[in-house]
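Letters A, B, C and D mark the chains as written, and numbering starts fresh at 1 in each.
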Amino acid sequence: MVKQSFTLRDVEFTNRVLVASGTFGYGDEVKGLVDVNRLGGIVTKSLSWKPREGNPPRRVAETPCGMLNSIGLANIGVQKFIDEKLPYLRTLETALVVNIAASSVQEYCDVLSLLDKQEGVDAFEINVSCPNVKEGGLSFGTDCTMVKEITTRLRALTEKPLIIKLTPNVAHISEFARACKEAGADAVSVINTVVGMAVDIKTKKPKLSTVTGGLSGPAIKPIALAKVYEVAQAVDIPILGIGGIMTVEDAIEFLLVGATAVQVGTANFIDPNTGVTIAEGLARYAEQQHLTDVGQLVGAMDSNVEFSVLQSWL
Amino acid sequence: MVKQSFTLRDVEFTNRVLVASGTFGYGDEVKGLVDVNRLGGIVTKSLSWKPREGNPPRRVAETPCGMLNSIGLANIGVQKFIDEKLPYLRTLETALVVNIAASSVQEYCDVLSLLDKQEGVDAFEINVSCPNVKEGGLSFGTDCTMVKEITTRLRALTEKPLIIKLTPNVAHISEFARACKEAGADAVSVINTVVGMAVDIKTKKPKLSTVTGGLSGPAIKPIALAKVYEVAQAVDIPILGIGGIMTVEDAIEFLLVGATAVQVGTANFIDPNTGVTIAEGLARYAEQQHLTDVGQLVGAMDSNVEFSVLQSWL
Amino acid sequence: MTHEIVTVSSNNEVAEGLFLLRFQSDRIARATAPGQFVNIRVTDVFVPFLRRPFSVSRVEGRLVEILFNVVGGGTQILSSKRPGDTLDLLGPLGKPFDVHDEFETALIVAGGLGVAPFPLLTDWLLREEKQILTFLGARNAYQLYKQHLKNLRVATDDGSEGLKGTVIDLLDRYLQTHTVSKPKIFGCGPTKMLQALSEYAHRKRIPCELSLEGEMACGIGLCQGCPVERRNSGAKYALVCKEGPTFNCEEIVLS
Amino acid sequence: MTHEIVTVSSNNEVAEGLFLLRFQSDRIARATAPGQFVNIRVTDVFVPFLRRPFSVSRVEGRLVEILFNVVGGGTQILSSKRPGDTLDLLGPLGKPFDVHDEFETALIVAGGLGVAPFPLLTDWLLREEKQILTFLGARNAYQLYKQHLKNLRVATDDGSEGLKGTVIDLLDRYLQTHTVSKPKIFGCGPTKMLQALSEYAHRKRIPCELSLEGEMACGIGLCQGCPVERRNSGAKYALVCKEGPTFNCEEIVLS
């Protein structure tokens, strides 16, 4: 039997395929459809202190090989999550990663502190792609010092694995990864959605009510791979690779460039079983390759070219 | 008859559809296949002072709804261009925009000065997505002060339209557009390719010899639209919209969000006539919409939402 | 809700640009109630990328029917499916119409392809021994689909068949000249028509359930992508794919 | 070079996973010389995104033949084309083999699908009244395509037909036991085989032209995406789509 598991701090993930935040609800929507215990872990929809209604319609739009979304962090709020969702989630064997969103550093701290006490919460993923109200709504995630401050503050509040989820909408994502590592993060998730938009030429209106939104799906896979690679060259903490993963081959690409594990996002909308299918496919592939541990694929890309910004490719 | 033309400084472009740098050679490859005089303009492959061999194979890789390239600015050099390509290009009625690449500010200046004297060169587009050798290869394009310096220096050297082509691989592209305007640029081209990569899992090697490359095609259209929109909100100089344009509908989207004209890139590889088809489609569409000028579409997107970074869309 | 690969048994153009596709599925045939939908993956390449939702139109033994208009890429591909081809689908999804509550006469009001869910509803209403009156509106006679409906009245925009006017005019004229006992409206069609219909129902104090068609990403409650504004207290939005697609018209604000 | 929409007249599996597709095009039938290729858009959705290049295998009147292996998405779609379906293609593209220079005997050496361009070359060589010897290599007997070739000798990796060994062994054995007047090698096949072949030709001082298969984006010289390293002076790289796909093996370095 090939080893599939990996650990962050003392938390063991039974395999290297998780489902990504915002693409699997709170893990209870797909009862009967998906055997969630065969996932390496579930990352919840981002939770904030108070419930959030989210953005007005229209919130989703299809694009070539992908989609745009503008959900607006619609979520039930941390307390309702604890009361109504956690009891079921506790009964699952798969690891539970709670994703946190906030509009102030303090809110991040409050939500994490409350959750940290709860049995059944295995780890935290911090969504820094949120508007910082103090800074007039500029995203925390594009401000390196902010990301470092959030990480430092949260690190002080928990012994559980702390994962910072980075936005790709920056010039040099590796600087952000370094900041996270220095501030004590156990891992980084790479990437969140890419800023994008689409226009309905019939109505001449933007397709999304918020004009711009987040692009996801196979269209962004090459971008995500490059970001994971850049981060893997810069820091030695584990990376959760995310972006356009639809098949086991996609997942292998992410592991090869340096991801310790992967998260399946938008693919769940087309087939909620994608994560399980990929987890099993990875094990089968590792066997065929005569590996003893799926982890042997991590960073195994064979490249003589050392990473260099010197490359100009046009 | 609907008006199709637009002008930069005193140069008139007969319609609002150009072909993008690096995707149409030097305009002489497609004789017989494309009536280039029906294009609004031709943007040449990036030219540097000396010829460049370009990167070793493999230079291209297909991705979902797009492609990666790592050509390495392979070009014949400015002198050979003047001697061997310009004579033919002079005979064309369509506007000629010469794109310039360089590895130092001085090289940009030298290439532009030499070309500025040449009859038949109508305008310049500056590719700042090039490694700055002085700065250890960091791209000029991701350093706002560098972009401003290049623009200032070049502005002093020419009376012809000066277009700066911006890279999307930054956090806030509007800052770069502002810098270009302040430094006297007549227009900005938005966007160049997005950093991406792909791995061949059979060989475990990166598909491109340079590991990372530039992503183009429909996959990046939503990203390009968002960048054009951001720039259009920030500056009032003309924008040449670029990114994944395959159809007249795509071109209309770009005009609606604020592009004065568009450039067709990767689509030329699938059908070198795409630019002409779109130019004619735009005129037909404008007629159907009872417009007197295709330009009436520019920035005509109907959106009550004023642009705001406050939006969080996940 | 199950995820199945089903086999197409027939697919024919039954009216202008309107296709009737039949596929075999015991599970879905048995489990589907009127107003529910299936979410179909029309291709395994990524264009179009998302599944496409379609109301279950009718069930006959183990055959399930959907009725669809070719409006874009996805329905184009769907229209090219031939007997023997397979379809990857999730279903049945969503909340069905309520046929058990206290009404005696069902007023079925359909605009254009809004007719899709009503053959199945009609079968169920007959089993519940309800009275049924069906009001059908379309642009012209060619776009009408009239199968498996009861007590049909028709309106067309161009008057090429039935009343020249909207389906709401048609309904109103009928109700002005007839009395119906304990009526309830079941409506489906373009958003503009549903807005008019729900105002009408509100004014006339007739209970009314509508089936909505909003853009969806997942269709199963995972993405929060399909909100419709709630009228009353509680959460501001409801999810069309889960809390709908059928809603009491008093619950929601159509925009 | 022209851009045409052509009609498929037949498409059959002629060997294991190997398809022979015929389409009608006066222009391409007339204009194509051996070694040239056509660049086919197999679908109008964006997956796969780029055109797919295929050597013209043979021409018969206004019918053009291509021979292809199903290796991935694009060739999968191509294999599903039926008579009457249309194909969007650019061609003929690239530099043909040189059949006019000073040789008397053509030694055609093909590995696997490398056979594709040689039926057309054979017709042309016959017209030039050259001697022809054809050496064909494949994994096994099932993957052999032997139509429209002259003086055929076969080698298979598993020995299921002809010599058990490589096509180079086959060629070498022949040349050790026979003398041929003014030979010239025409080679096409996997890169590894072409490397071995060009070394062999170099050692034996036999002129040799190879047809390469590299990844391409545009196929018409627009993108600079298809470089092959030059051996001699001048520019470091040549473009396979324009300066090739046929090269004198002394000109280039295969990697």
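Rule of thumb we're sticking to: a contact is a pair of C-beta atoms (placed from the backbone, for glycine too) under 8 Å apart; a residue touches a chain by one contact, two chains touch by 3 or more.
Computed from a predicted model, the values in this text were never measured in an experiment.
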Chains touching both subunit A and subunit C: B, D
Partner chains that subunit A and subunit D have in common: B, C
Most distant chain from subunit D, judged by the mean position of its C-alpha atoms: C
Contact-richer chain pair (by C-beta pairs counted) among B-C and B-D: B-D
Rounded Å distance, subunit A centre to subunit B centre (Cα mean): 33
For subunit C paired with subunit D, centre-to-centre distance based on mean C-alpha positions, whole Å: 55
Between subunit B and subunit C, centroid-to-centroid distance (C-alpha), Å: 47
Between subunit B and subunit D, centroid-to-centroid distance (C-alpha), Å: 37
Multi-chain contact sites of subunit B, meaning residues that touch two or more partners: 22, 63-66, 69, 71, 218
Subunit D residues counted as touching two or more neighbouring chains: 46-47
Chain contact graph, described as a line, ring, star, complete graph or other shape: complete
Contact footprint of subunit B on subunit A as seen in their complex: 21-22, 46, 55, 63-66, 68-73, 101, 127, 129-131, 136-139, 142, 169-172, 192-199, 201, 203-206, 208-215, 218-223, 225-226, 229, 244, 249, 252-253, 256-257, 300-303, 305, 307-314
For the subunit A and subunit C complex, residues of the former touching the latter: 22-25, 29-30, 32-33, 45, 51, 53-54, 56-67, 69, 71, 74, 217-218, 246, 266, 268-273
Contact set on subunit A toward subunit D in their complex: 64-65
Interface residues, subunit C side, partner subunit B - complex: 46-47
Touch list for subunit D against partner subunit B, complex: 1-3, 41, 46-51, 90, 214-229, 235-237, 255
